[in-house]
Amino acid sequence: MRPSGRAPDQMRPITIEPNFTRHAEGAVLIGFGDTKVLVTASVEEKVPPFLRGKGEGWVTAEYGMLPRATHTRGSREAAKGKQSGRTQEIQRLIGRSLRIVTDLKLLGERQITLDCDVIQADGGTRTAAISGAWVALRLAVNKLMADGKLAQDPIRQKVAAVSCGIYEGTPVLDLDYPEDSSCHADGNFVLLENGHIAEVQATAEGATYDEEELLRLLRLARIGCTDIFAAQARAIA
Amino acid sequence: MRPSGRAPDQMRPITIEPNFTRHAEGAVLIGFGDTKVLVTASVEEKVPPFLRGKGEGWVTAEYGMLPRATHTRGSREAAKGKQSGRTQEIQRLIGRSLRIVTDLKLLGERQITLDCDVIQADGGTRTAAISGAWVALRLAVNKLMADGKLAQDPIRQKVAAVSCGIYEGTPVLDLDYPEDSSCHADGNFVLLENGHIAEVQATAEGATYDEEELLRLLRLARIGCTDIFAAQARAIA
Amino acid sequence: MRPSGRAPDQMRPITIEPNFTRHAEGAVLIGFGDTKVLVTASVEEKVPPFLRGKGEGWVTAEYGMLPRATHTRGSREAAKGKQSGRTQEIQRLIGRSLRIVTDLKLLGERQITLDCDVIQADGGTRTAAISGAWVALRLAVNKLMADGKLAQDPIRQKVAAVSCGIYEGTPVLDLDYPEDSSCHADGNFVLLENGHIAEVQATAEGATYDEEELLRLLRLARIGCTDIFAAQARAIA
Amino acid sequence: MRPSGRAPDQMRPITIEPNFTRHAEGAVLIGFGDTKVLVTASVEEKVPPFLRGKGEGWVTAEYGMLPRATHTRGSREAAKGKQSGRTQEIQRLIGRSLRIVTDLKLLGERQITLDCDVIQADGGTRTAAISGAWVALRLAVNKLMADGKLAQDPIRQKVAAVSCGIYEGTPVLDLDYPEDSSCHADGNFVLLENGHIAEVQATAEGATYDEEELLRLLRLARIGCTDIFAAQARAIA
Amino acid sequence: MRPSGRAPDQMRPITIEPNFTRHAEGAVLIGFGDTKVLVTASVEEKVPPFLRGKGEGWVTAEYGMLPRATHTRGSREAAKGKQSGRTQEIQRLIGRSLRIVTDLKLLGERQITLDCDVIQADGGTRTAAISGAWVALRLAVNKLMADGKLAQDPIRQKVAAVSCGIYEGTPVLDLDYPEDSSCHADGNFVLLENGHIAEVQATAEGATYDEEELLRLLRLARIGCTDIFAAQARAIA
Amino acid sequence: MRPSGRAPDQMRPITIEPNFTRHAEGAVLIGFGDTKVLVTASVEEKVPPFLRGKGEGWVTAEYGMLPRATHTRGSREAAKGKQSGRTQEIQRLIGRSLRIVTDLKLLGERQITLDCDVIQADGGTRTAAISGAWVALRLAVNKLMADGKLAQDPIRQKVAAVSCGIYEGTPVLDLDYPEDSSCHADGNFVLLENGHIAEVQATAEGATYDEEELLRLLRLARIGCTDIFAAQARAIA
């Protein structure tokens, strides 16, 4: 039934390649099938103005898509002179999702920026970005601890994200582009390894949905995130 | 328990003043307690480029907050030269929420823009904006029908929105500013009168939440939206 | 002769509603007929860089028009990414007009920002803004004095403004939109209660004017400002 | 009494050098003493969108100041990415002043742009710009007529401008920078050769002024403009 | 002598991975040692306005660097709202270099955009970009020919680029970052396979250079480009 | 053979008018034939952030072209809200060229900004700008030394620049606009009086060039710069 032939509760292959580039404190190329996102974690020993002198750190994210990551070329945001509403919405979501698993007091007065750049897009770029960002953050924090800059681990939990939607009447896990562009409802779920929820964004597209469908999407998301948590564990092993 | 003394499932007073200004095809001042949003619906007999010649209409929204709608003055977005990520996120949400209840083919090749300007803010500006925008849209469509420009009503349903959150451990309905700024989880729910869901955006702030809490927030939202649908009905009567 | 049936030297009804919103130190909704402007005065305990450490305060203004304040929807300046020349010209005029009646040394090292947002436009928005801004400033200064932050009143005078023009050959007071868009000459007069002039901006539109006409416009402005000063006095009573 | 030793009603030397550059249809370097403005008139055989197909032309102006035209270097507007409110206010004034003496129907569907760039500033740059712009416009229209593109002269009148102000209690003509920066009131007067007024902008700076002072400034402006009209006539002879 | 231990006339390993991403008509990941640039070629069946209706095509380039491609994080140009002068200079150079080997008339009314995004930087990003862009262009043109959209090959020649500089007194080939940041003169050479020169940009940094040194740099560039031409040939084989 | 009738190795008349404007510490109007560039040198007793506290100075440049410096009017960069890539490329080149002849340590913690504004363009504006900027810099440094602010001269050498190109098969010196717009290769050469090279930028336009042609262009540039050095010497005498 699905264009890819996957079962409704089947993720695409998850690939996580740590240390894909060498300058960043943490770097990972994450793939959910043909969706490929390069995430780097950059540590800076300063915090944004609103946090100065408060003894707390900050975790933030920026998101971008290479102009030809998509089927047809999109214009370059740097050339247009501004980031789209979609870009800003996504990078705010990524930042929130990583902050919720980080103890900012334990991090100390430093900032970690997660740059998520989509190299190739096939649906689910924001959820792949969040899932990869956790690995990049983990690698960067490991380095801070190995360098003796952090005594205690500020990361409390694993976090992962996946999109689910109702495609031709059936709730399915991990939408790819053909599904994403024609599904009736589309949810992004950000979950913690302990089962808690960090964020649900479930949007009707074309048709609204009911409470039962919301719960079925959430259950699919739990299945997918279990796979992602395992892949994250392998990547940092 | 709540700073305002309200019961957990109690909305603030909902006020809807139709025709608050005179030039727009639809105009309403909506209040959720001290949150006041002026919404106008402007009809233009043209559609955005991507829809030209397709025989379909468009409904879109813009959102703004007067600099001193808030406790301390915020800078004016027009003076800064760009809309914040928050503003763009909100106006995209408003637009989606109104499009989901509109049959764009029945609307014909015209655009209705919902301008939502926050005159005074006390939490829940985006949900008040959505709830008021439906009334403004309804008034504008009524005018198109009265003028003979539309034979069939393109509005399928009422739509309303409300925020709920977990405040000091208790799920509460219709967060005001003191609650909004200290709650542990914060959800915006956009619901249809038939009980269907248009959008759920539930975000952990400080602490994550579980599935049971998500459902309790959703149930509170249903209670609140029932009140809003009634207020909308009175406003257009 | 006038579209509204008013006598040449007749103002539209002046309405001033103090405390229209609650967060600002001063807030007023002023109406010149169907022109409605919300003005808030925000006090900040800091001054712009060029005044730091000089023991003087600053009074400044910002002006905006809601997109559908007008007959047809105008584009939102925040979305376009810049304020028009007209907007900047008007907010500079408002700022100058209020500074001329304020003793900036007595104000001390603080800034008062007057945000003038046009809710509904029917000609004369800048003159209504100036006239309302004085009331908002007065309310904010009263609050500073009541709070013991100011020992001496820095406001020296009332200031008001009105537009006059030559409409179908006749000088008329307080142009509304139909008059404004077809008059031959159009002047904005900013006057003090003691009869002095703060600013004259008299522009030929379509036809030039002579000295006698300039003086007749000025005399009409005096008549109008007398009414406005009285309305200001009632508002702060 | 005046820093320059001039009599109160004495203009600075007016110099007008036509054809200062060679590409423009009209070009002039105008000097009011040490204030030097290069004005070019560029003819384009198209009109702005709002005039297309109406059989009318347009006259518009742009204004700029070289970064080191002034005593201390100002930042370059092109580098800052926007024109200041002052710049926009001035270029709108110049455009209006030239349009009021042009019969736009006779001009036909073409646009003339007056670029006014201040090479050296010593007060009165906007009034020198208007006065020089008339000569550049005259030269460009002469060329259109010589080329057979215009049968009838669309320029109705000469227009000139000068600033006057109250300096140390005395009304004086043609303020230079030392006067401009310390005068109590400052007016820009745009006058036609037939004595009519195109624009008065008289602003209190530090102290307000009365009707008698306004009239004395206007009379000084008439004296100054007589000199400018003569210089304009010599320049195009 | 060189930090990397290379001989003065020795290139870093050149790696070219064609089809690195799948949506673009041509895509390649090129590496000059640790410098890695992803280049995609996007074909659009339209030309920029200045070429419309002239029967000619266009080849253009855009360049970007991921924020953490470098040793310390640079700010994201999309977030800053503009491309730096350096970025614009580089993308203009890439575009010129590819146009010079393309017969734009044979290309027909279509545009090929070469997006060059630096994934990891270690000196020589612009020269790697040009060298990789040729392969991406070749792949895209091959596809156009295979699809029957082009009868004749519009690519006339191979083009490649390499940087050379005077490092501690010795002319060396293919500067890496440690060399680039401390060399006395730095040249970028864009060469054709037939030995002709497309562009020389040789800049003194710290110390000027003489004609003999310029020629020695050019000779080194010829050596390096021979290697690059061979790698390009292997990549498209 | 050349449109102007000049010999292949013949410069246009070089005119340098020092002190063309009066506020800047150094100011010059330089002409290469009909190309006229006003260059001012502004001294500020501060350095950019990256140099603060290092005991070194900075020399930088900005470049602009008046809208009607050219045959047809170009749009004003300040009005468009950004500087073109060409503008930024040129001002970076001018800055580098002047820094290479300045001992920044001797200059001390101050910045000299060279504003190069093209009053009239006929090819070679960037090379005229560099050549004139040296004179403006010289005048400003002379003033600093005369004022006792500098004990030792930080300017090491004269620097000049000229463009050469291959026009109808013949290498020619100092391209004017008709040559520039149709030549096959176009080089900008920045040379020191001692014969050393500061910068070569030689670009194929339409056709590539070989090493022999590059050398012939460089030799022509040496001839031209000899003339410019002489003109610079006369200007500061």
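Order of writing sets the chain letters: A, B, C, D, E and F. Residues in each chain are counted from 1.
Basically, a contact is a pair of C-beta atoms (placed from the backbone, for glycine too) under 8 Å apart; a residue touches a chain by one contact, two chains touch by 3 or more.
Just so it is clear, the structure is predicted and the values come from calculations on it, not from any experiment.
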Minimum number of chain-to-chain touching steps separating chain B from chain E: 2
Chain whose Cα centroid lies at the greatest distance from that of chain C: E
Same-residue or different-residue interface between chain C and chain D, half as cut-off: same
Whole-Å separation of chain centres (CA-atom averages), chain A against chain E: 32
Centre-of-Cα separation between chain F and chain B, whole angstrom: 58
Distance from chain F to chain C - Cα centre to Cα centre, in angstrom: 50
Interface hub residues of chain F, defined as touching at least two other chains: 81-82
Topology of the chain contact graph, where touching chains are joined (line, ring, star, complete, other): ring
Order around the closed ring of chains, commencing at chain A, then chain B: A, B, C, D, F, E
Contacting residues of chain F [partner chain D, same complex]: 21-24, 27, 34, 36, 38, 40, 42, 44, 62, 64, 66-73, 76-79, 81-83, 87, 113, 115, 117, 119-121
Of chain C, residues touching chain D in the complex: 82-86, 88-89, 91-92, 96, 100, 187, 192, 195-204, 208-211, 214-215, 218
